[in-house]
């Protein structure tokens, strides 16, 4: 049996990689890719806690599914924003989008 | 070391490597494909956790829909197949530092926690996690409200995204 | 227990015994036996796949009043082997500027996405490949990998036609996956399980086709679109896009896409049979022997495949805008309406006798179908009046 | 034993078979590449520009609506499994869930996003 710590460490590492992507990427789409990694890391944690806690309590899995819904909402709106910005400003480089209004 | 542990180590290592490639690939389509590989690895970890439903959902939602959405978005927002110029901003080292610190902090916090070496109980025979999930999602003292709120959230996301992507001004 | 009633178990036990007598680790021997079983099943599938080429060509010939392959061997049965030899010894060209790794990975993933569907298909009462409790959703997961392989093929080929074809195909596949998902929920509701074998077992009295004829019909339309076959073959559209996403593939790589498509069609024929026509069940005949059950299942799968072919060679291709409107404005709302009605009827008729339950379900399906057809008719009549009215005005001005 | 191991076996064998077939084709077929043979096919006319053509944002909308309904189905599958045991109350919850999302579909349709403009 795999100890819980392995999953938690894996999830922490994946979260950090995603964080690095979010902080260092210039392209807005790539930033959203990093956010996906972070959300997945959280999901691994949730499911691991379900498995290693009381199995009859489904909270872990329910929250994992809710995270799927949140990820879907985040991606669809986020990418729509990127496309919308691209149409007006012709760029997807996050650094160039430093005005709050144009 | 048991077979399960070996499988875990291989899958986890490959997943993290693919995750690193997601954040470092120059070609965004490659980055999206590496994301697919990462998510697939995570799905395998879910099966190791006996959460088959979550694993399949992971493949259906992430690989079947979100990855496709990413690839479409990349193709819609690029004029050139090859990307010129740096893919990382000037302060990428700061990002690397912050994420390393985050990992270090999480590592330190986890090290102090007592429940870390916990191993899970055996699954009770005949336990059907899908049925249990269905019951939890719909019974009145379960998670009915999150269930319906998720629907509203998805509605809001759909309306907002359709509005944003199609606002031709 | 003997070979006649449970061939797989007998063979597996025997093999396991042989392996362990060689001094092999118990677990390793078990995995090896499972591996050999999977290899056997997939090999049989590939052989069936080869003959599907022959079946497809023969059937299309009959639809078009021709004879079809008839030179090599009896009834031209050797023809597909000649085709394969031709594909193997053809030169494998890779277009310049192609993304090599992705380009080569795409046909492999395409074939794999079809083959892994069979991991959840129950072929006979005792031959369940893998008894997953998420069987139905697994189909969609396998389809997701197929969708990905298409977009990979289209993107990596560095060809405009391939990319446009891939985009169209993916747009269509994702569009028709929505009614497909909704229709997968209907057998799940009836059987109270997502497990494919449970769904077959629950159809002991009544096939779900009787309970939900409209559901079976919508599912058929959705799987045909998912396969990208006529009338939904607009990603191929040889008159505009030449061949669609696989235009730059040659030799065996093209062969993988082609063989994958044929096997996919038969697989979905089988899935249709499982979900709505009782799978390997046929009035108790399946209990006699697993071999008979396999024959029944294969017959149903080929029948489903024949229906898909029938549609393909009868209908003409529809335009992409018509296809999308048909799906999003008609099929998707209809399938959700049917799903809601089915869920409500299921709850209302819970304790009712079987005949009442079946009659209520059947009638509610008929009513939903009738309302949908009436709405579609009145909308199209209005549309036609609008178009014809405009045309008349234009004529008057001339 | 974990039943997903068998699915993994299916994946391995299912990938090995096409790899073997393609490798066979690679080994047996001739290999005489030339620039003309490797140029992309555009009905015999010389290829113009890159394969990178601008796409309609409509494609994005279809993928987006699909994503939303995909996630919806994920919620509905556990619901459908337990529906028989839970009765009318649960059925109504699910119907409400679907109805809310159909509103979104209606919105997209009324805005004309689901048509090929």
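Order of writing sets the labels: A, B, C and D. Residues in every chain begin at 1.
Here, a contact is a pair of C-beta atoms (placed from the backbone, for glycine too) under 8 Å apart; a residue touches a chain by one contact, two chains touch by 3 or more.
Not measured: the values here are computed from a predicted model.
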At minimum, the number of touching-chain hops separating chain A from chain C is 2
Of C-D and A-D, the pair with more C-beta contacts is C-D
Here the gap between chain C and chain D, centre to centre from mean Cα coordinates and rounded to Å, is 14
Chain A and chain D have mean C-alpha positions lying a whole-number Å distance apart equal to 21
Chain-centre distance (mean CA atoms) for chain B and chain C, in whole Å, is 28
Here the gap between chain B and chain D, centre to centre from mean Cα coordinates and rounded to Å, is 18
Expected list for chain C, residues touching two or more other chains, is 27, 132, 134, 137, 140, 167, 170, 174, 177, 194
For chain A, residue numbers touching 2 or more other chains are 65, 68-69, 72, 75-76, 79-80, 83
Shared-interface residues of chain B (touching two or more other chains) are 4, 48, 50, 52-53, 57, 60-61, 64-66, 68-69, 72-73, 75-76, 78, 129-130, 133, 135, 137, 150, 154, 157-158, 161-162, 165
Checked against the stated definition, the touching pairs are A-B, A-D, B-C, B-D, C-D
Chain B contacts chain C in the complex at 3, 29-30, 33, 36, 52-53, 56-57, 59-60, 63-65, 67-68, 71-72, 75, 128-130
Seen from chain A, its contact residues with chain B in the complex are 1-10, 12-27, 29-30, 32-34, 36-37, 40, 43-44, 47-48, 50-52, 55-56, 58-59, 61-62, 64-66, 68-77, 79-84, 86-87, 92, 94-95
Residue set of chain D touching chain A in the complex reads 57, 60, 64, 67-68, 70-71, 74-75
Per the touch rule, the chain D residues reaching chain C in their complex are 1, 3-7, 9-15, 17-19, 21-22, 24-26, 28-33, 35, 37-43, 47, 50-51, 53, 55, 58-59, 62-63, 65-66, 69-70, 73, 76-77, 80-85, 87-88, 90-92, 94-95, 98-99, 102, 105, 108-109, 114-116
Listed in rising order, the residues of chain B that touch chain A in the complex are 2, 4-5, 8, 12, 15-16, 19-20, 22-23, 28, 31-32, 35, 38-39, 42, 45-46, 48-51, 53-54, 57-58, 61-62, 65-66, 69-70, 73-74, 76-78, 83, 86-89, 91-92, 94-96, 98-100, 102-103, 106-107, 110, 115-121, 123-124, 127, 129, 132-133, 135-137, 142-143, 146, 150, 153-154, 156-158, 160-162, 164-165, 167-168
